[in-house]
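Note that chain A is present in both complexes that follow, paired respectively with chain B and with chain C.
The block that comes next holds the complex of A and B.
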């Protein structure tokens, strides 16, 4: 009993330190976003200051508004998510269920694409998009994100599909549902959780992406992650505006995280608990 | 019988890679028949059922339904309904939606679906559970829901894959009777897979006994029990299993360990045989094969006695024997007409 109490306290302490390390930059950023520039640079740092909404006003509606960039991020992320799910759902189903020549090879290919270091792909992607005139376009950035999100989403959803008993599908086939209607009426409603998890992760990855956006985007399509760099220049860094921009960019991520927390945790522990694997 | 629902297998072969699961099966099921595929695990009975359903392809041979070749037809094109061992209910749908699903898939109007669902549910006594989800039902109720889903669209053939195996013993008995009555009312050809020979005996019009991917015997339950065509069928059907005693058949007796045991048939010439006697036909008498009682299992209204005789374990089933006890030396005897004779090498009935 005594030992377990010590253990509990030690665990809580470690978790507390971990949480503090994680939460400090967020809190600091949040505070900075409400500070005047003078307070930001004060040394020693001030904890009590007169909060201002000027930074948010400037970042949203001022000369360097990030609203168009938030819109760009939104378009690219939503498009990437929709297209990924549209392709990944049937692909994952096929990998989980259908028997076809080359199934094992295609399964490996899906996983293998995840092993490529993204930085090595930037130049080939740049050249390819330049050749087809897709640089600085929604199509170009979305297509690029698809190449990363598809393997991830397929890989994640295969285990969900595999967990549906085969007999249920056979029953639907005997009930004259056919393959597509079986998928629609019987299988998809049961893998809703998996679809939600995959969609959330794909959206968040696209929303947070920076490296490809900075190289393959431009003046027309500039996601918010890139736009925030406008607040950093050779002469000065506008810390408070940068912080306000970061808070605004983080807002949808945090919102989705809170709303989908239950699904995400379930989705990540799914394979471990059920022991599902590719047949 | 006439009407739809006949099934015919012509030399059906099924291979999984190097393994042959079915070795050229021939089978003819008549319309309206309650036909049971009986056999131990791995004997190929479920594969045969799945081939009927179209869920498995064949490696050779043909499957005919109502004289039409359906070998390469999709499951949905065969007009068959199946009840799976796991019931395979759709967990996200209510009972009513589960039962109505096959009707919805063929475009029946919502009002007609509701009416037919109510009728099917009433036939299996789950009319009051229509709004529940499968997860809120007991095992027996789930089983009825699966049955209702099968009967709702009046298919030409019902396929049932060990549908009672997940129920407890008491419920299994009740459901068995109801299932039989339901099949008789509907008159639909029913193919039923089980490894439980008691289920097969009580339900079937005819039984096909599967052994190692082959049909060892087809016949009525009475025929299969009283005249098993092979030693494997003889030992599979009947509990406890048939006593098989090696001996030499000469004249109208089989000699076992120097003791002549009379049988009803006369040997065409002296030969080695396997003498088969059901435990219920083997009793303790004043003469016969000497044996020693090892153990008596008192079942209340009857008793199963395990004995050692001719260097092997023999079983006798009969009235309780309060006077007997382990270690008693006795003689075993049987009526000559109840003896079964098999070729010891091929296992075929003589």
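The block that comes next holds the complex of A and C.
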């Protein structure tokens, strides 16, 4: 009895340390964002300091405000999410439920496009977008984001569509509801959860994307990830401002992460636990 | 609507409907992934140096034969293998151990889940910047505070070539282990309890239970985690780019970064394209092998 209690405590301690390793850097960053510059570089580090909002004020309204960058990220991420879902949902339904020639091959094709490393796409995109004058444009960046969001969303949605009992569809079809009406009124409400999971993931990935943004963006379209990167090369040691900027830049994804944690865990585990795509 | 779609037979009608739903996605994927891919291969057969545009022209397999005698390429290939291998092994080992540990505590998993989600949702570039400044910077970084307190002294974690490689591996492992942890935790939660009961009655030890029951049952999940983690590791970019930029020198320059630097720092797009083709073939070959392996057992 006694031994098992000690064991429990020891195990809990190990789990606690693991937890701290993941959370601590983020909390440390949050604390740093409220510090004055001299408190940042204090040794030993100070836990009790006079919090200040100066960093946030500077990052938001100062000379190099990140507000335009937040806006860029917003536009690209929302556009990417909407377009992706609009194209992915019907395609996934066809892949999961309908019979058509070349279905197996098309499933493989979608899977293969998901494996392409971004660095392979960025060179042709740079050359092509430069030629048609789409560098530093929302259309150009959104098109490149479709390359990773679309295959992912299609495959995720396929597994959700496969989970709906066939009878529901058949019943609706027998009522001569028409295929499109059946899809819209009967099937889609069943996969609302899946749509939420897919949309959240697409949005997160688009918001966090960096490589495409740094090469194909510019002065007009510059997402926050690029702004953060530029910040450190310009203002090397201003950690508290960097931390404040990072907190603002990551606020949307952190919020989504906490609010939609169940959805996110589902999205992460769905393919893995079910064994990925069956094909 | 029904009239619009009416066709001779139900089957033909279904086929038409399916194609109407799938063709937009197919068209977009062809245009955004396959056409650029072909263009990439085409470029890899050319000499295309924006620094020396007058030398541009068809080069055949010149870019590929050049790799054979390019020490930086072999270095990046080796680093890619080390980086991918070590991060995947670390993630699965730590993730699995933590998941089995947490399984013992039915309560409190909610907090752990939030803690685990945090690194996953952060942008890798921000993670790289955070580690470069707050965590790994000499003198003021968290890690240095700890090593100094323990009497191990201060180190230049990202400036020393060997430490830099270990550091970027640590950064990647920090960010993505939660993924392995969450997936394996979910997989462990689906295991039937009665099998364990039977094993315990048969006096199977903890290790035997793990070896002969748990491991075979969660094997598919582990293989899936390995595949997905390998994909991420092979195309890792932003965190390393932000933390070290591939340096010092080329100490953390994995193939992905080498292709990027060649293309966009040295503006040698032709050679960069051929490096990207090599990385891409490697990724596809590895994922093909892994999927085969998964089906085989």
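Rule of thumb we're sticking to: the second predicted complex is superposed on the first by the 249 of 279 C-alpha atoms of A that agree within 3 Å, B and C clash if a C-alpha of one lies under 4 Å from a C-alpha of the other, contacts with A are read in each partner's own complex, and residues count from 1 in each chain.
Following the convention adopted for this analysis, contacts are C-beta pairs under 8 Å (C-beta built on N, C-alpha and C of every residue); 3 or more make two chains touch, one makes a residue touch a chain.
This one's a predicted model, so the numbers in the text were calculated from it and none came from an experiment.
In the superposition on chain A, A:48 makes contact with neither chain B nor chain C. Once the two complexes are overlaid on the shared chain, A:189 sits against chain B while remaining clear of chain C.
Residue contacts after overlaying the shared chain place A:239 against chain C, while chain B stays out of touching range. Contact with neither chain B nor chain C is seen for A:63 once the two complexes are overlaid on the shared chain.
Shared-chain residue A:181: touches chain B and chain C both. In the superposed three-chain model, the partner touching more residues of chain A is C, compared with the other of chain B and chain C.
With both structures placed on the common chain, the touch criterion links A:5 to neither chain B nor chain C. Of the two partner chains placed around the shared chain by superposition, chain B is the only one that A:167 touches, whereas chain C remains out of contact.
When the two structures are aligned on the shared chain, A:123 is found in touch with chain C, with no touch to chain B.
Common to the chain B-facing and chain C-facing surfaces of chain A are residues 176, 178, 181. Listing the residues of chain A that touch chain B in their complex gives 165, 167-168, 170-178, 181, 185-186, 189-190. Per the touch definition, chain A reaches chain C in the complex via residues 8, 11-12, 14-15, 18-19, 21-26, 28-29, 32, 40-41, 43-45, 87-88, 90-91, 93-95, 98-101, 103, 106, 109-110, 112-113, 115-128, 143-144, 146-147, 150-151, 154, 176, 178-181, 204, 207-211, 215, 225, 228-229, 232, 239, 242-243, 246, 249-250, 253-254, 256-258, 261, 264-265, 268-269, 271-273, 275-276. Listing the residues of chain C that touch chain A in their complex gives 1-2, 5, 11, 13-15, 17-22, 24-26, 28-29, 32-34, 36-37, 39-40, 43, 98, 101-102, 104-105, 111-126, 129-135, 139-140, 142, 145, 174, 178-179, 182-183, 186-187, 190, 220-221, 224-225, 227-228, 231, 234-235, 237-238, 241-242, 256, 259-260, 263-264, 269, 272-273, 276-277, 279-280, 283-284, 287, 294. Interface residues of chain B facing chain A in the complex, by the touch rule stated above, are 53-55, 74-76, 80-82, 84-86, 88-92, 101-102, 105-106, 149.
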